[in-house]
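To keep things clear, I will list the structure first and then write my remarks on it.
Per-chain residue numbering starts at 1, and chain names A, B, C, D, E and F are given in the order in which the chains are listed.
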Amino acid sequence: MPIKVQCQECGGTIAVPDDALPGEIVSCPDCGTEYEVVSVDPKAGRAELKPAEEVKEDWGE
Amino acid sequence: MPIKVQCQECGGTIAVPDDALPGEIVSCPDCGTEYEVVSVDPKAGRAELKPAEEVKEDWGE
Amino acid sequence: MNRTTKVSIIGASGYVGGELLRILSRHPGVEIVAAHSRQHAGEYVHRVHPNLKGVIDLQFTGEDPVKVASNSDLVFLSVPHGTSVKITPKLMELGVRLVDMSADFRLKDPSAYEVWYHYRHPYPDLLDKFVYGLPELHRDELRNARYASAPGCNAAAAILGLAPLARHGLVTNGTIVVDVKVGSSGAGGKPSPATHFSERYGVVRPYSPAGHRHVAEIEQELRISSGRSYTIAMSAHAVNIVRGILSTSHTFTDSGNMDQAKIWRAYRETYREEPFIRFVRDKKGIFRYPDPKIVIGSNFADIGFELDPHTNRIVVLSAIDNLMKGAAGSAVQAMNLMLGFDERTALDAPPLHPV
Amino acid sequence: MNRTTKVSIIGASGYVGGELLRILSRHPGVEIVAAHSRQHAGEYVHRVHPNLKGVIDLQFTGEDPVKVASNSDLVFLSVPHGTSVKITPKLMELGVRLVDMSADFRLKDPSAYEVWYHYRHPYPDLLDKFVYGLPELHRDELRNARYASAPGCNAAAAILGLAPLARHGLVTNGTIVVDVKVGSSGAGGKPSPATHFSERYGVVRPYSPAGHRHVAEIEQELRISSGRSYTIAMSAHAVNIVRGILSTSHTFTDSGNMDQAKIWRAYRETYREEPFIRFVRDKKGIFRYPDPKIVIGSNFADIGFELDPHTNRIVVLSAIDNLMKGAAGSAVQAMNLMLGFDERTALDAPPLHPV
Amino acid sequence: MNRTTKVSIIGASGYVGGELLRILSRHPGVEIVAAHSRQHAGEYVHRVHPNLKGVIDLQFTGEDPVKVASNSDLVFLSVPHGTSVKITPKLMELGVRLVDMSADFRLKDPSAYEVWYHYRHPYPDLLDKFVYGLPELHRDELRNARYASAPGCNAAAAILGLAPLARHGLVTNGTIVVDVKVGSSGAGGKPSPATHFSERYGVVRPYSPAGHRHVAEIEQELRISSGRSYTIAMSAHAVNIVRGILSTSHTFTDSGNMDQAKIWRAYRETYREEPFIRFVRDKKGIFRYPDPKIVIGSNFADIGFELDPHTNRIVVLSAIDNLMKGAAGSAVQAMNLMLGFDERTALDAPPLHPV
Amino acid sequence: MNRTTKVSIIGASGYVGGELLRILSRHPGVEIVAAHSRQHAGEYVHRVHPNLKGVIDLQFTGEDPVKVASNSDLVFLSVPHGTSVKITPKLMELGVRLVDMSADFRLKDPSAYEVWYHYRHPYPDLLDKFVYGLPELHRDELRNARYASAPGCNAAAAILGLAPLARHGLVTNGTIVVDVKVGSSGAGGKPSPATHFSERYGVVRPYSPAGHRHVAEIEQELRISSGRSYTIAMSAHAVNIVRGILSTSHTFTDSGNMDQAKIWRAYRETYREEPFIRFVRDKKGIFRYPDPKIVIGSNFADIGFELDPHTNRIVVLSAIDNLMKGAAGSAVQAMNLMLGFDERTALDAPPLHPV
């Protein structure tokens, strides 16, 4: 059961896998903001995230 | 040799055939405004025009 | 569920009519009892809508619309504006429920018809009987309504993107530029020299740079939903696709509103539980903002935005399939509400991709 | 119905994988338990298939396909040929049902892989365990089959058009010219310089004038269904669309067979009750012969023909949506048969028009 | 050079007429004295051909074609077939040079008009006075000819690809399958329901699977250039582009001719010095075979081939811009020969890419 | 005239490079001595630019650009921005004339590079040596200039439409909304997942709703030509075409300026004798406003406008072929001025229509 965390940027719901490891990158389904997993507590259904450094990807046009 | 008349709406140059008859419709190449030929004087190279009544044509989109 | 509600369609040979037929063919609660066409009366529906071969086994009827309506529980009118106004009042006398696709009953203010449609509305007192058929803004009124008026396709796209900002006071400059790009099906199925393939292919054709009639309903709906007045500066362009609309709305605001979180909040609060609204805004991948390409065939309205600090501008992007959310999809959604069906019935087909 | 059958997809980030997801999301009898992708493991499915936002709430898994399969009742493999053959045999050991989209298990004759695919098939004895996944030709075998191999998209179009004529002995010249026109999605989702929009737009590009690999399966299936041998002279062209295939098959026959009634009979007898075959041949209207435009988004195969007395030729035209009837649609239809569902489940969406 | 030759165009409001105007506007040796149109008489040419604004400052004339011709040294007739035959004979009486774009004077055998065009040719003895206007096959006859008949666009593509093989005896099976894919401009500028953008966009529409009229001229020209008889099994498809044709000709031969060097030799010998023939056959890069995309706007005919040892087939691919090499370009090339200009005059614009 | 001026192109394998080659191949006064490419060094030019087969018989060189330049009288650099700035200063030391297609020398204000291009310009004092290469605004400076910097394609479209109004004080609101629709070739020839045909086809993709880099040069050029400051609120959209740009500029003004005659006068006075500016504004016919479709292949910039009394708005529409007037066409026009040729040399090809 993934743990639901609210996105700080847009309020969307991020699904963090309950077996995610600290340092793993997850992203918001709505706005794409990336977060680094700080810790996961599957029992309490809680996960702590911090904004990840984003590499700008060129879009081409 | 068509007679050149300036369009009252846009300043474009309208070519009025020197054998045009009064009542004939000519139009401006730049803005499409239609004029009715009032008179043509081929020798003097002059033509008198007056704005024609325009029927609105539907463009479809 | 057995198909107990009888519906018919006047204008069934047009593009909106065809889309209504396509959707309703998969609706478990309704039976299509008549598809009306003058030009194709007697012909099989699939001769005009070849996609429906093997789907709908019906012939067009040329019977009088009043006759058609008298055998129906609900009638869709997908005829041109100016035509509906001649038919609809007669049908209202029959007590049948109606969903009108034309503009003839969209505006509340009769004088607006003179300004924007250049005719004097012959039934000004009927206008108030129609609910503007965008469930996202008028859901409660639509439940049990007798008469609904489906939105204009370009208007639907613009309104859905702008209403949340207007409602939350995030647009402080009264003039909003609405720059619309639309596919050919938005203009219906009637050929003209301008729609001849060789002339229409590959265009970016500004077909209505000013004076677009949907200005009236966008201004009306923003006013209703926000209590404030906005002036819409609209231009519409025909582009090289058949289905789909992208509306780019350029709004200006105070610098204090140049705040993503605030804007997201406005959208989420307005559309929290909406089944057909999606937010599209991504930092990676191919589709970072709404694009009609990814709603084709569905009832979704995709909404996104970008901030421009250089000009204190919020650019609002909204994309719909004009024949679905912009017409038949919203109309069936309204019908579902009017008749007490689950709002999503027959409307849950996912968009196609790639297409 | 509750979604009791667990299905997963290996190759779920590709175009066929995305189409399977789209179809299965509306299938009442199955639950999608895993969508496998190496490159997108951990990402939301909708980032790759933006149409599925709000439709499927799932992230790709990067787990080993064997692990994925061990939690599934049925697995679709929509990976490239040459890749499936490395994965499939391992999954067969698990006892899971499989539908393979690749060519690796389509041909019955192992040596054909050397000729047409330029590799030596490592598991020749597994080939017989797979049923060729065209329900129109192999329905009975598919019922309760464990393993199916979905047809090639161009092959599906050609075979469906030709099999009835072959079966009824209406093609007397052994060589059939199959001239195929196909959209870009037939080549999958992997970018290359040749698929760069500016280079690919507007082409009529003969990408495989000779040596097309689907020749093998067309010849195989015509032989199986008619008991006769045909030689296929195939050329394939990429055209300026995304979805859809038109196959034009030029067959030659004896003058006695130049008889519409005879040909109609052959088609009707073969496809009498088929839910997804439509005959398209009209003397009026805009769409007089099959055209991929009018099958888009659906599982229909449209079939038509014309007689050319000048050359004793029967021109067979067949149109499909390559991602539907040409891939995921036929695959789900096969799955429905394998699992005992109504064959049409989740496949009844009418095509879009206009689009 | 001063523009001394006076040319006029009957049918100047059509697509071929517009293309003639475009080309001739840059021809240093001719003066366009009249552009004839019935429907647009008096209007500026650029209102119908908007590309020519600022290029040609001329108004259409509605004068009788005979009057027009009497002031001209050479007249192009780009009117429909069946119409030319009513005008052309009168113009011939004036002694003016003519290039007819229609089919009315292309065939040498009067009876062929009954078979393929379903009318009885009223001037059978005039047929021999016209040279078939493909300079690659009839250069010497065109020099100083008075009357030329430009080829059909699909025919031009097919003939240019096939003639060298026919001439060198490399096609041993008498029946050749010609499968043509053509853009919308090949059907001219007249709108119809079938050319309405929403209906025509995205099609692969088999518009003439059998009975295509160009069969007659392909058979004629192959016979003339090879001394042998071939039967053409032709099918034509409308595809999602405006300009351009790809003809795929499937020819069958003896295994001894399945020899690239032999085939190359046939092409090179036939077209050694041709200014507008290019061979396209590459093992690398994006464009490995002819594709109309890369001839757009030019007078080039691109020709390539592939061998199919599986069926002893030589697949011949030829691509042209139908309005250029397939119509106005060949016509001006013919005119240049007739009038003693350098053949390439006004025709040397390179194709556009990407486009 | 003999081809006496030696020109070379760095970045010749790109789309702008290819267009320069196409144009220059027909320029009687120049000889193309080198086409530089790193990736395709040694290959025939026509392998990358297949349209140029039979037109240019040249192989790409991989020699150092400095070496290339030392044998040239004038060099075009059609390389990405950020790359030019590394090469150009070295070439300037050689004394060769230069036309740079990139943005690296377009802006006069070095600090603007930090804001809009996110890099610190390493040669701020070189900026003044470059003339902004729009002959319509800088003709006199270009005559005999040594260094020119071709405009950005979207910028060129917007500036040409807006400058006359700015110059004549007809825009009184300081913020102008520039909503641009552009074809795929504007993004160059490098493939990416986002340009994969199946993903790019049919889009209306807002690729740069805010922060578009061309804002800087539009603001600069409007300021230079009017002496006033304007703020540009720009959004750019990729549409379903390869070539062409439509810029829709929404400007607001005082009601006294809502006067067609005034606006026409501003345009005529600014562009009186311009060979490549056309006014497009018609009340009848198919093309009533500028549309990129009717400039394809030419150096024309089409300009039109519409008045919106509802909002005191002047909507300015301008259409160009991005590879011509938006890049290579303007660059060659600039070169012609720099070298004393007639400005129109090699640039007089009429647009294609229909296409």
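As a convention for this text, a contact is a pair of C-beta atoms (placed from the backbone, for glycine too) under 8 Å apart; a residue touches a chain by one contact, two chains touch by 3 or more.
Here's who's who by UniProt: A, B = Lysine Biosynthetic Amino Acid Carrier Protein LysW.
If you're wondering where the values come from, they're calculated on a predicted model, not measured in any experiment.
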Legend entry - Selected interface, A-D versus C-E, where C-beta contact pairs are more numerous: C-E
Inset, instruction - Considering only mean CA positions as chain centres, point out the chain farthest from chain F. - result: D
Legend entry - Chain whose Cα centroid lies at the greatest distance from that of chain A: B
Inset, instruction - Please state whether the interface between chain C and chain D is built from the same residues or different ones, using more than half shared residue numbers as the mark of same. - result: same
Inset, instruction - Provide the C-alpha centroid distance between chain A and chain E, rounded to the nearest whole angstrom. - result: 62
Inset, instruction - Can you check how far apart chain A and chain F are, centre to centre, with Cα atoms defining each centre and the answer in Å? - result: 43
Legend entry - Rounded Å distance, chain B centre to chain E centre (Cα mean): 38
Inset, instruction - Starting from the mean Cα coordinates of chain E and chain F, work out the distance between those two points in Å. - result: 35
Legend entry - Residue numbers of chain F (touch at least two other chains): 15, 184-185, 189-190, 192-195, 198-199, 201-202, 205, 241-242, 282, 284-287, 296, 354-355
Inset, instruction - Indicate the residues of chain A shared as contacts by at least two other chains. - result: 27, 32, 59
Legend entry - chain D-facing residues of chain C, complex: 15, 18, 22, 25-26, 47-55, 184-185, 189, 242-243, 278, 280, 282, 284-287, 294-298, 300, 348-355
Inset, instruction - Name, in rising order, each residue of chain E that touches chain C in their complex. - result: 15, 184-185, 189-193, 195-202, 241-242
Legend entry - chain D residues within the chain E interface of the complex: 175, 177, 179, 181, 193-194, 198-199, 201-206, 209-211, 215, 231-233, 235, 237, 239-241, 244, 246, 248, 250, 252, 286-287, 289-293, 296, 304-308, 310-311, 313, 315, 317, 319, 354-355
Legend entry - List of chain F residues in touch with chain B within their complex: 260-261, 264-265, 268, 279, 281-285, 288
Legend entry - Touching residues on chain A, where the partner in the complex is chain C: 9-12, 27, 30-34, 54, 57, 59
